[in-house]
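One chain, subunit A, links the two complexes that follow: it is found with subunit B in the first and with subunit C in the second.
After this line comes the complex of A and B, so read on.
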């Protein structure tokens, strides 16, 4: 193992934690990055999980798209790096 | 041996990071203190190395609940670095290479409580642990001891940093178990 490897995983690591907050599968939602404007599915984000919370970064520019902190009785979701999330919905 | 509430003892040194590990060459590294009046104080790596250093042995307490006791460091006390800085600021925003930030009261950096640390356990500080230099402020949870430290912005008003704006406690005293907002 490379001692200095950056240990991140893909956005599928967000599936369970986001399932706690939303009633739909958020990994197929498409986010737009505030920093670079790039678009991509939540599943394609780079997720740093070895941290006090989950940090999802843009795969293009590395800026933070999402922070999710789970406390014992609250969750904090910071989306300031995400301009929008396009969430697939069932037909009305 | 006494641990803060809710903590467990570990012998290894877990690596936590909110993003890619910056590789900062010491020939371009600099540490900058900006006062509330906009006055800048800069130190190159060579200038940092020329300052008198200390070798504190301290206990580390991570908010993810591990504690590591009796860790050995070498670094320059913030008392030395801030000695010639004219300020009446009450707060500090710490900035790191890579974009990380954390906030704390200015007084928590003074009186032998904080260092810019560049050696751990007798060796140069590895990038995974924040090298070439990190803030070491061991009386607060370890997220306050910013890795890859780049500078301090001294301010009159308190502002939340990277984790403080996402649910973590503004101050983070492990002995009062100040993990999350409202603790």
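After this line comes the complex of A and C, so read on.
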């Protein structure tokens, strides 16, 4: 796979699939990359949808940050490339 | 429940809704606006999108994301869909789906690529092709909310026939105080246009946008390669990367 082609979209496309799992919008969450330490909103991740499921890569170093596969009875969320997610929350 | 709308339905599990096509508006020879009626629609913010799911008789189903073209309006949800010739979903939505037909729709989703009408900062909108859709929702919401935030739109399209909302944008550029609209034509320009067709350039963004000192909120939407180019230009011109919000459609589109 050519990582530098434009065969990708971005983390805005994760809004629906992640909103199925979380009660708040996750595209505004700020993630930190395990590989390079880069920080940015989930919306800014590079998302490849051609794989089985969705693969999100770091826009700085291209490492895999997140993988999400939705099966008929389970969702698999692999976050091994993400050190942390800072999630904006309503005040209460 | 303003808060519930802001978060896209807080504390409610995101569910698929039945959406009935109520109205169709032809925008260009290959794009149309589909106005759906969605009972129990929780409202949305300009810039948010929906996921659309189509299921065939044999059970095969497929999903696509589409931006909402209008501000919240009761149970009405309007999507403008560009036909992608070898696409799986858009030919059906733009040619086959008829008023009264029902599809499945999930949303609203996305809380990052949104404009909030209480934000007084100047706004720069840069659209490539059908990337105009969520930006048009912002333009429409601005007037509806009586916002005085200054807006500038730079709209890159292949030809004059490919412009979405051309008449409405002409009217709004005249009547919506504080809204500027500029075009860049990449394949064919209108008669008498001062420049030959060409790609969006640094000069277009520099002259048609805001100085970085104004700290504008920048929204860029379009095909992936277009968005990467424009975002790089904005950052190179001195805009804070955190003020540059982007939404990429992928490799297809104009």
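In this text, the second predicted complex is superposed on the first by the 86 of 92 C-alpha atoms of A that agree within 3 Å, B and C clash if a C-alpha of one lies under 4 Å from a C-alpha of the other, contacts with A are read in each partner's own complex, and residues count from 1 in each chain.
One rule holds for everything that comes next: a residue touches a chain if its C-beta (ideal position, glycine included) is under 8 Å from a C-beta of that chain, and two chains touch if they have at least 3 such contacts.
These numbers were taken from a predicted model, which means no experiment stands behind them.
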item	value
Fit or clash between subunit C and subunit B when superposed on subunit A	fit
First, second, both or neither for A:90, with subunit B first and subunit C second	second
First (subunit B), second (subunit C), both or neither touched by A:71	first
Inter-centroid angle subunit B-subunit A-subunit C after superposition on A [Cα, multiple of 10°]	120
First (subunit B), second (subunit C), both or neither touched by A:81	neither
Partner chain in contact with A:44 - subunit B first, subunit C second, else both or neither	second
Which superposed partner A:20 touches (first subunit B, second subunit C, both, neither)	second
Partner chain in contact with A:62 - subunit B first, subunit C second, else both or neither	first
First, second, both or neither for A:31, with subunit B first and subunit C second	neither
Partner chain(s) touched by A:12 [first = subunit B, second = subunit C, both, neither]	second
Distance of closest approach, subunit C and subunit B, by C-alpha atoms in Å	9
Overlapping contact positions on subunit A, where the subunit C interface meets the subunit B interface	6-8
Of all residues in subunit B, those that touch subunit A in their complex	14-21, 63-64, 99, 126-128, 143, 162-163, 165-168, 179-181
Residue ranges of subunit C in contact with subunit A within the complex	3, 7-8, 10-11, 13-14, 49-51, 63, 65, 106-107, 109-113, 223-225, 227-228, 245-251
Residues of subunit A that touch subunit C when the two form their complex	5-10, 12-13, 15-16, 19-20, 23-25, 27-28, 41-44, 49, 88, 90
Subunit A - residues contacting subunit B, complex	3-4, 6-8, 48, 50-53, 55, 57, 62-64, 67-69, 71-72, 74-76, 78
